[in-house]
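Got a structure here, written out as structure tokens. Questions coming.
The letters A, B and C name the chains in turn, as written, and every chain counts its residues from 1.
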Amino acid sequence: MEVVAFRMGIFRNTLCTLGLGIIVFIALMGLLAPIIAGDPYKTNMSERLKPPSLKHLFGTDQLGRDVYSRIVWGARTTLLVALTISIISMTVGCLLGAIAGYFGGIVDDVIGRIIDTFLAIPELVFNIALVGIFCVAYGTSIWNVILAVVVTNWVSYARVMRSIVLSLKEREFVICEKALGAGDWYILLRHVIPNALGPIIVLATLNMGNVIMTISSLGFLGLGVQPPTPEWGQMINAGKNYITTAPWLTFFPGLFIALSVLGFNLLGEGLQEVIGRKRLVE
Amino acid sequence: MLRGVGLRKVFKTGLFGGKRIVAVDGVSIEIEEGETVALVGESGSGKSTLGRILLMLIRPDEGKVFFDGIDLTKLRGKELKRVRIKMQLIPQNPEEALDPRWRIYDSIAEPLRIHKLVDKSEEEDRILELVKAVGLKEEHLTRYPWQLSGGELQRAVIARALALNPRFIVCDEPTSMLDLSTQASIVRLLMKFQKMFGISYLFITHDLELAKVVADRILIMRSGKIVARRVESPS
Amino acid sequence: MLKVEELRVHFRTEFGVVRAVDGVSFEVERGEKFTLIGESGSGKSVLAQSILRLLPKNAYVSGRIIFEGRNLLELGEEEMRRIRGRKIAWIPQSQSSLNPVLTVGLQCAEPVMEHFKTDKKSALLKVARMFEFFGMGRGRISDYPHQFSGGMRQRVLVAMGISADPEFLIADEPTKGLDASKRKNIAELFEKIDKTMLIITHDLEFAERVSDRIAVMYCGEVVEISPAKEFFREPLHPYSKGLLESLPSRGLKPIIGFQPSMINPPSGCRFRERCEFAKKICERAPPESIVDGRIVRCWMYAERGWA
């Protein structure tokens, strides 16, 4: 029943519906890539840098590959990488933040100090440095990117979680759980964290937009997903040399980056409204 | 059975803990087996804080709490958990006392599950019996806390406190949200349980008339201190 | 000023339809203090929330609620928001409506700022004076709700409700958890404020003191409406009589049993199974009778059929 009411709320909110529409569209692109798009790796030197046409909807690139196919497969890459990053950083961040907020004391001091330190460092610069280090240490791999972004990304989850938990642990129902004889970990996992999930879901949605931006930026700098795997940021990078002669090489990846970031931000804002209102009604 | 000695609790509030509030100020209290002690006193005088200290939900700054001769302030983790089966709280704010994401049934069953006291089928019987005793119905059990009236929630919380068959209950204004008739039924129910199982109560209330009816002794609290003790003739 | 006609509020749940309010009509005149009392779970708070249109989504409301000539049930959400707080204020029953992460002073100052169009500083000053009136030290306005005792939070709710000086006040158990002297404070305050009020309470002493008329609810229905003085001298409905008999000072004698289920309420008089006067005829729904200007829904007072 709660789920139904929640869903109704989402669809009644214009921002949510719009954002969700965009995200579903892009996710479907990624999911159905093998069906709706051709081979993104197939080069064809006789059809290099062709402008958009019926045969090549978004034109072809400097190696004669179909840009449309690469965009569609790129959605898969971007979403998978972004989702992996978000899930890992959410789990790590939420747990650490919840532990810091709930137990307080020295644990909180240590985790809090780490959070502050990370907040002070410019994120992208740190990501770039980390990818560099990981590449030298472990060779190029998609996990370099994922790890490098997770290292900075968990912090926002931890910070938000910590502050929610700080206020939740003073709530009477948590104190009552103690009176029943429940242990700290039980209370934390069964009562505190579930009740903090509302704002965390909002944060995760908004954060997905950021993560996509970061992945694309790393790709653009040549540090992210390595060619020939199709990825939007890296496609812009490859296309920037032809920006005057073949603008579609940069335009379409740019469009889809913007669209997916917009989608997640709209959904995030909308969810914030819905959840905020829900609290009021209760 | 339960004894608090020289209890004191100071809360620090304000930005840097600059303001100090002496909530409980050197209180000693003793409650015998099967006895009801009423605690009355104006709002903000430290009654709930004292009740929570006796249950070790707040650690006192000074003083000790003995339960059957065991010093509770020295216990931690598992040992404290074992003692908690025997002492329960009926909290002052029932609307805030239950997890808003849990159904009423699960909330009432929770203490039984935490301490693994009964199995599934027994659990259901026990809960239905408790819930009927406090005047709720099966239909309330599948709802969430915000779908119950104030008084219904209060009774759900009372059922939860009774579920473990405790020996000592701090009843923090257990009938503040009930109409007079339901209040009378619930108070009678508590007294019946007391007769059957020899439970002791610390009964916090603002209603002196009610205190006179239920209690063997009345303590009056003001600004953190117990300022008067009265023995009531049994009614 | 407020006229409720044939109001019904039904909730759809897994066990069936809960008829929380089932055909309630009454009228509150300008300047009057109208008090609702009745069994726990009889639909008082739901009634109040339906006036404010704050019910959850599984509620189905029918009937009419006329406030200053307009049917509130037909207004848009935007218009309703303008009425809430500005014209109709609400002291909620649940203390969980306080925001746990905002200081109490700021929460009280918000309606003041909005209503009187003042800045934060003077609003906070006003709040501080109010806190003093309620016996809670000025310094406490910068504390958070969890740092207050239960009775203090209750006083905060009352302060918040009256701070914007509304024309119509709905107070849901304003005195719960307060000691006698604070209850008296609030009673005096309510007597002094010359506003229309709908009060819901279990505190009969308070009700006797502040209200002009009393309505008694039982199982979703209003069973009696009487002027307060006469009601406390001699309640008419058997449920009202039983309620007054349960006072601790009269020996804590409850009416046997509890309120019946609101999903399948008993046919005929809903109080039948617990009523000591019940007769065969009570299996049919009792008509509304008027005795000396008092409204009562019980066969005992019907023109025909009892004897």
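Following the convention adopted for this analysis, a contact is a pair of C-beta atoms (placed from the backbone, for glycine too) under 8 Å apart; a residue touches a chain by one contact, two chains touch by 3 or more.
Because the structure is predicted, anything quoted here is derived from the model rather than measured.
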Category of the chain touch graph - line, ring, star, complete, other: complete
Pair of chains joined by more contacts [C-beta pairs], A-B or B-C: B-C
Where subunit A and subunit B are represented by their mean Cα positions, the distance between them in whole Å: 47
Distance between chain centroids, defined by C-alpha means - subunit B, subunit C (Å): 27
Touching two or more other chains - residue numbers and ranges from subunit B: 93, 96, 146
Residues of subunit C whose C-beta touches two or more other chains: 13-14, 56, 96
Multi-partner residues of subunit A (each touching 2 or more other chains): 171-172, 282
Interfacial residue positions of subunit B with respect to subunit A in the complex: 52, 55, 57, 77, 80-82, 84-85, 88-89, 91, 93, 96-101, 110-111, 114-115, 144, 146, 157, 160, 164
Sites on subunit A touched by subunit B in the complex: 2, 171-173, 175-183, 186, 191, 194-195, 282
Sites on subunit A touched by subunit C in the complex: 1, 5, 8, 167, 170-172, 281-282
Of subunit B, residues touching subunit C in the complex: 11, 13-14, 19, 40-44, 47-49, 92-93, 95-96, 135, 137-139, 142-143, 146-152, 154-155, 172-173, 176-185, 187-188, 206-210, 212-213
Residues of subunit C defined as touching subunit B within the complex: 11, 13-16, 18, 37-41, 44-46, 56, 93-96, 135-136, 139, 142-143, 147, 149-155, 173, 176-182, 202, 204, 242-244, 246-249, 251-255, 257-259, 261, 263
